[in-house]
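One structure below.
Chain lettering (A, B, C, D and E) follows the sequence in which the chains are written, and residue indices restart at 1 in each chain.
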Amino acid sequence: MNELASQRPTKPVAGEVILPARRWFGIRPGRPRPERPARPPARALTAVAIVILVGWLIVAIAAPLIAPYDPLAQSGPYYSAPSAAHWFGTDQLGRDILSRIVYGSRLSLPLAVAIVALALAIGGTLGLLAGYIGRWVDESLMRLTDLVFAFPPIILAMVVSAAFGPSARNAVLALVLVSWPTYARVVRSAVLSIRGSDFLHASRLLGVGPWQALRRDVLPNSVGPSVVLASLELGNAVLMLASLSFLGLGPRPPAPEWGAMIAAGATDLSKWWVSIIPGIAILTAVLAFNLLGDAVRDWLDPRSRRRG
Amino acid sequence: MPGSARRGTHTTLALLAAATLALAGCGSNAEDNAAAAGTAATADGSAAATLTVDASLVVKTLDPGQVYEPTGNVLVHALYDTLVTFDGADISKPVPSLAKSYTAADDGKKFTFELNPDAVFADGTPVTSADVVFSLNRLKNLKGSASPIVKDLSVDAPDPHTVVVTSSTLNPNVPTILAEPYAGILNSKLAKENGGTDAADASSTDKLTNYLNTNAAGSGPYLIESFDAASRIVLKANPKYWGTAPKFGRVVFQNMDVQNQKLTMSKLPQNELALDLAGDALTGLPKELQQSGSADSYYQLRLQNDPAVSKVTSNADWVAALQAAIDYQGVAALFGPAGKPAAGIVPTAYAGSLPESEAQKQDLPKAKELLAKSGVGDQSVKLLYPAITFGGVDLGTIAAKVQSDAEKAGIKIELDPAPIASFLDQRKGGKVPFSFSPQLLDYPVAASIVADLMPGGHTAEAAGWTAERADKETVAAAEKVLSARDSADQVEALHDWQRLMINNSPYITLVYNSTTVVAGPNLKDAVFSAAGWTVDVADIGTN
Amino acid sequence: MSETATPAASLPDDPGTLIDPDGDRPAARSGRSRSLLRFIVKKLLTTIGLLFGVTVLTFLLVQAVPGDPSTTNLTEAAQQDPEIVAAYKAKWGLDKPLPVQYLTYLNNLLHGDLGTSQSTGNSILSDLAKYVPATIELAIPAMVLSLLISIGLGMWAAVRKDRAADHTIRAGALIGLSTPSFWLAIVALYIFFYVLGIAPNGGRLSTKFRPPQDITGMYTVDALLTGRPLVFWDALWHLALPVLVLTSLTVSILIRFVRSAMLEVLDQDYVKAAYAKGLPRFTVLRRHVLRAGLVQVVTVGGLAFASLLSGTVLIEQIYSWPGIGQYAYLAALNLDLPAIMGVGLFVALVYILVNLLIDVLYGIIDPRIRVS
Amino acid sequence: MTALTIEQVEVSYRARGRGSVRAVAGVDLQVAAGEVVGLVGESGCGKSSLARVAAGLTAPTAGRILIGDTPVAPVGWRRRPAALTRLQMIFQDPGGSLNPRRTIESQLLDGIPADLTGSARTERLVQLLERVGMSDDARRHYPHQFSGGQRQRLAIARALATEPEIIIADEPVTALDASAQAQVVSLLLSLVRELDVGLLFISHDLALVHEIADRTAVMYLGKIVEQAPTRALMAAPRHPYTRALVEAIPQISAHPNLPNVLRGEVPDPAQVPSGCRFRPRCAHARAICLTEPQLREVPGGLVSCHRVEEIAAENGVTELSVAKRSVTESSVTGEIAMEASE
Amino acid sequence: MSTGEPLLTIDGLSVSLPGPAGPVPVIKQLDLRVDAGEIVGIAGESGSGKSLTALTLLNLLPPGAVVGGSIRFDGQDLLSLDRRGWQGVRGSGISMVFQDSTAALHPMLTIGRQLTEHIRAGLGLGRAAARTRATELLDQMRIPHPDRALRAYPHQFSGGMRQRVAIAIALACRPRLLIADEPTTALDVTVQAGILALLEEQRRESGLAVLFITHDLGVLSALTRRAYIFYAGRVMESGGTADLLTAPAHPYTAALLGARPHGLSAQRTLRAIPGAPVLPDQLLPGCPFEPRCTFAEDSCRSGPPPQVPTTSGRTLACVVAPDLTGEPVVNR
């Protein structure tokens, strides 16, 4: 009855085709608008962030080439001040601080990424299901996140680390444990807003199954906010990891973790280089992550894009 | 409505600010004013002056029956007198305290103490033998940390001024044990009034501890003014003290981490001393400060002797290789001026320590040779240690040093830090191949460690060092130490034993470290004592 | 709608009133108080559930730790003696099966007994009563300062968007956000105490002073109440450095939220409308922009306050500040189960109360959500 | 043939602090194949609730919906059966009804029946785009690259993908500019005629409905108050509300007048007046209006008014005169809708 | 027309907003006039610069906007005013009503506060007098129970009532010109009728001039006597409303009318305007409507058409229209 195919020739002949719409009311066929570039988000700062991060990335990858000494070896006297031989001085075991900072980037940066990625994966999945399925699944997940929120993160991480012993893996697990609820909530609220959206309704009315709709309509639209959050959280992950390490609950010695390096010098600030320099390393890395997070937010956040 | 509420808030804030200024400006308090001007006024060392002790306060209780933590011992020693005591830094011989004299029986088991009739508790009641019996029985029955030490002792009071302590085994060290803070004598009447008991079931029925945290029930030179383990503990002089009155009327123990202690002491404060400066924190201190210390702790690697647990650590050649690989002088340097490379096992503070000339030395060629001989190759072993800072040095640093020294000889070690609870728990089980920890003596006699380290002792058991595996000669040397009745004999025996232990035991002692008392330039007699209470605050005066 | 007796006559005069004008307000008020009651009851139920959850979570977590408290609370020699260990376990109830231990704890909890700390030997309640005021004394000034500074600077940045002031403020906030808190605390202590000598070296009070009589537990307040000005100033002096460090961290977090909230508000029609009415800029900013922007700041500010109140472990550690963070740290290290549970409960309670406070503040600031 | 049947449908929901609100209070409506039925009403009258229920997005509180003879089950945890995909909906916001992160092609393919495979699917896709006046290359683009009107045309193409028998359009052009409005409305109309689809066109704009609908139903506070062929309804509104609605439309003329003012405001749906719902605002209300009127047949349509014959007699005219009423005479009244519980 | 100086005269106004690639001109060469006590309309599609014109008149443009030309209001040159000067004009000289009353009223302040806060300064009244004036105003706007309304918050009102409140606020300091930016677009027709009546009443009774912005040509016809048709920041055609709408001369005006449903007239197909409104940063050198215009010639592409007066008192910006419609152009 309303078989479209029977009404139009299957292959319109070029030149004589009059599009139906044009025939009806004389309009030209609609074409997509030329793509407008997204508003360039504070380019200069983003450039700074990228330069710093790429710098750290190079340092991490080329650590053996850059580091003048073995980061674990006693290459000088204990606590020697910055000198030509040791640009950043040596630590309590006479290890070269520059080398340790260089190798430390191989630890802090990937671990921060791991923390964020795991938390995003776990929190995101749970939030997605909670928001989409709703009802008791949602209710119980929200109570669980409340529970984690109601616990001071550093204490929770400390108990976990204390329970399973200090190690990089346990520190990551502890920090994932305290940070997944944020992602769950963000994804959930994004899913909730999509659950009421017309395009999801339209999909379902077309006969798209619920799980297919979850994959095609809900998932791609709800990752945005969590990606923004994740990029903003990267810096925070570096800081949290350093805090745990500072308390002796991070990667095991003699690993050159930046937070642990600060702790080593914290007892005696007259040897300022031992803790001040790793602190600056953390600061630059976190600053770059934060700047990048801001840039990602400006780029992905629908609100700022709509303005652009 | 919300608008008016907001205006209201402005007004309230303003009023509050005004009130603050008024109160702060107009009020006054004579004591505070004196205190504010205090530093100058008390520089002459008048009796009302305050002594400040900076320490990372590690104290759970001021009950002598329960105390075992470092700061707790300092405090309890100032609050409670014991039968005998040690004078200043000299721990070679107990001196009279509540007991004006004592005699030891020839069998080395029975000790008779004669109480000083002048001794009175802070409430004025005289100290009697009943109080001593109560205190020591309570200590035993509380089943606290100190009770294993006194387990073998029994106490009798033939008359009010005589106490007889009998040990079930030969033990020439009973007077030393009874000089320790946990053997402090309580006012038994006061104690019983406040829930104290010395009954056999005291561990569950005694309710005295909470009372003792705020009230001293002893006869010591000081009383408790306030007790807050988190921030400060204040002692005040006991006005009815029967002995020589303390120089400082008030002693404030304030909780301060090491870094702060160093910064504080660097400012050369008057009437102040710090207890936790150790390791590298001791370097770079102003010369004006007085430092007093003596190596009282030893840091030891323990290797599992049971091949069923570890084929590597039970390999004598591998152990010897490791022993030769370690840079003892370098490890000692990590402890700053207070560290000494280990010669034997007994730290230098105690009689029986081997002379410094015998200190261990690194010998890498020998280590490599031994490693090759052992056939272990580069198989790696996990080194378990507690993730704490002890004696001013992070144990991770020492472990890392050992690791890198071993590496130079080709010996592979993996570090395995653990929270203290889990460290102790694991090591107790006897399944740990390789561990590392600092050790202190239970009481200031070197022989106290011998039994524990030898087969049959708990440590040896945990290290899988059984009588079958042990070298006969070494065992005999240990037995000689324990059966010595004379201290000169004992010292001789200790030397022999330690020399044998170096090559025939599953232990590698790395270093000795001392606790150091750092005191302001104007203080006098702020000396470290290895007796167990670090420093006797009642002795401290001013120049 | 009131039914009228003679509809034919009254209808033409009916002004179209849809709600009875006089019956409306009291009805609304009682409805409001009823729904407020329902709200509070619901919150309380959630609270109890949450607290229960916290006890279960802590209990399970601590049980997961290998080793038990006897290992950290007895000397090594004593641990070798089974008799002593048994006595210790019996004393703390550790010899009973887990569910029994938990039920015992819950039962005591219902009777207001949080248990006794194994590491301090005090009841948890008295420990909390001692440590919490110290933290509050840090948290409140830090929060007040943070709010004042971040609202002021955040608004300034928003008004001066993309100009020098904005860039400076944002850069400052970003750097603050990227600084490790413990590092900042150490550096501040080094500079202000060690190098310059103008700050104390941690602690709550100089040793020369006796702490004031314990009324609120906050030294500054107690010193004022008991009329000891010198103690007040001294306590204030000790507060300065930790408060400043906490403030600088909190400000860094808040300022970004304030700025974006204010930017959003500045973009609203009602701000344009306020200018169009002829109101001076300051009035518009203070009365219209600030108020609307605050709604969004309340949540973040509240959560920041909650985290300040739950103790900042590292800062308290570095400044030897005997607050709840230190207590929690020691409890975690010593595996002091009752103490960890106590801290967990306290923090959960803070979290709940702060959330409640946020809800109440919302209601005060925004009439639209006053009922729901 | 009746494509869509709405039978005695009621929709209630719980509103915060206001108790239960009956947004749709018993509505009967039929849409035949090839017919355009307009549903007009002011905001809050329940037309959108009705649209969602009719499309099967939510379940009605009472009553039922049939598409042909098949009852419509609300979308749930199942794939929608093929029979029900013959019912499609076009939404108000063209920006929100297309997934911003999927290409047009992928979204359109969702609706193309699975029995079409391979190149047939693509051909079908191109036809659909062509049908709504979009070029072929549109399929590779994302929704944000199109204007509002274009997006709405793409949404229509998607709805057509399942070869629907009935389309429910909920305010499809409200968000568009005048020129785009005209395009979309004309497109919808032509599709209905050509494909023999039934269209339920929901709008608040009587003038717009007049341009497109064969039959128009007027809704007030959850109920249909009048239903008639559109021309008749516009030319001679019988219900006082319909008349007020028609008279309120501003007209373009050489001698312009201000539109007439209807007194009062639409009541809170939670507090529906007793009897005739329009009674408090009706100039013709009498005692009889305290009982609820039923939708009844009058010559040329259905009206829910007790006094429709009397009013016609009073006025003497059935044809609408665009009489100018003085502004000052009209009583403008309103009410603060205080948030009251119950 | 009126004698003497008009209340508002806009001459050659141009406005540019900052864009990613430099300033974007959004209003170009705008001439506009409003006499005292007159309701003047501005109509056009979205993005045609209607609302920006309104914001320019109150100096409420976003930061970075560049304004050229001249605006004279009540004998004052508005563009030379400083911040304080603008404060004097806003509210008491020119005030404004926005499209969305929900957004234009502060959600957290009572109506009373929003209504009185500027009365006291603007009219120099005391607290009580300001409140009396507020009550009067609400009563004039036919808001029932003005006393209670003063204590209420915006969300407690319906959309129509909120818009009345917004008008009351705008009129509180007795401005001479009210700019109404699509005040009825978000409202139902029956509610819209009430607002239109209210504005007309204010004009008649207090001599208020109104600049009424709308996209609904029906509303334009019903309320205004003179109108300006905007497209892409330019005036396409202006003149008497009835003239413009019954006999449009400009192709754009005609297209707008064709796309509009006629209500009571006979049913017929709507004529859509091809294409989409042009964006300000995509403007070509010629007539902005040229790409969509069915009558476009080559001459339309050469440059923007000049504004020319016609004999019927209109102004027209189209080079082809005079020939098409026979509208005679007045010689300069």
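Following the convention adopted for this analysis, a contact is a pair of C-beta atoms (placed from the backbone, for glycine too) under 8 Å apart; a residue touches a chain by one contact, two chains touch by 3 or more.
If you're wondering where the values come from, they're calculated on a predicted model, not measured in any experiment.
Asks: With one step meaning two chains touch, work out the least steps from chain D to chain E.
Replies: The fewest touching-chain steps linking chain D to chain E number 1.
Asks: Along touching chains only, what is the step distance from chain A to chain D?
Replies: Shortest path length, in steps: 1.
Asks: Give the label of the chain whose average Cα location is farthest from that of chain E.
Replies: B
Asks: When the contacting C-beta pairs are counted for B-C and for A-B, which pair yields the higher total?
Replies: Counting C-beta pairs in contact, B-C comes out ahead.
Asks: Please indicate the chain closest to the centre of the assembly, with centres calculated from CA atoms only.
Replies: Taking the mean of all protein C-alpha atoms as reference, the closest chain is C.
Asks: Where the centres are mean C-alpha positions, what is the separation of chain A from chain B, in Å?
Replies: 48
Asks: Determine the centre-to-centre distance between chain A and chain C, using the mean Cα coordinates as centres, and give it in whole Å.
Replies: Taking the average C-alpha coordinate of chain A and of chain C, the gap between them is 27 Å.
Asks: Can you work out the whole-Å distance between the CA centroids of chain C and chain D?
Replies: Distance between chain centres, rounded to whole Å: 51 Å.
Asks: Where the CA atoms of chain B average out and where those of chain D average out, how many Å apart are those spots?
Replies: 87
Asks: What are the residues of chain E that contact at least two other chains?
Replies: 108, 144-145, 148, 155, 269-272, 274
Asks: So which bits of chain C are touching at least two other chains?
Replies: Residues 15, 17, 65-66, 186, 189, 194, 318, 333, 335, 365 of chain C touch two or more partner chains.
Asks: Two or more other chains in contact with one residue: find those residues in chain B.
Replies: 2, 257, 259, 263, 419, 421-422
Asks: Which residues of chain B touch chain A in the complex?
Replies: Those residues of chain B that touch chain A are 257-259, 262-263, 280-281, 284, 330, 333-334, 387-388, 392, 394, 396-397, 399-401, 403-404, 415-419, 421-422.
Asks: In their shared complex, at which residues does chain E touch chain D?
Replies: Touch list, chain E to chain D: 45-46, 142-145, 148-149, 152, 155-161, 164, 188-194, 196-198, 200-201, 215-219, 221-223, 241-242, 245-246, 255-264, 267-274, 276-277.
Asks: Quick one: which bits of chain C touch chain B in the complex? Just the residue numbers, please.
Replies: Answer in residue numbers: 65-69, 71-81, 83-84, 87-88, 90-91, 119-122, 130-131, 134, 186, 189, 193-194, 197, 201-204, 207-211, 224, 227-233, 317-318, 320, 322, 326-327, 333-335, 364-365.
Asks: Sort out for me which residues of chain A touch chain D in the complex.
Replies: Chain A residues touching chain D: 1-5, 7-8, 10-12, 19-22, 24-25, 27, 29-33, 35, 197-210, 212, 216-217, 220-221.
Asks: Report the residues of chain A in contact with chain B in the complex, numbered from low to high.
Replies: Contact set of chain A toward chain B: 72-74, 78-79, 92-93, 161-163, 165-166, 248-249, 252-254, 263-264, 266-270.
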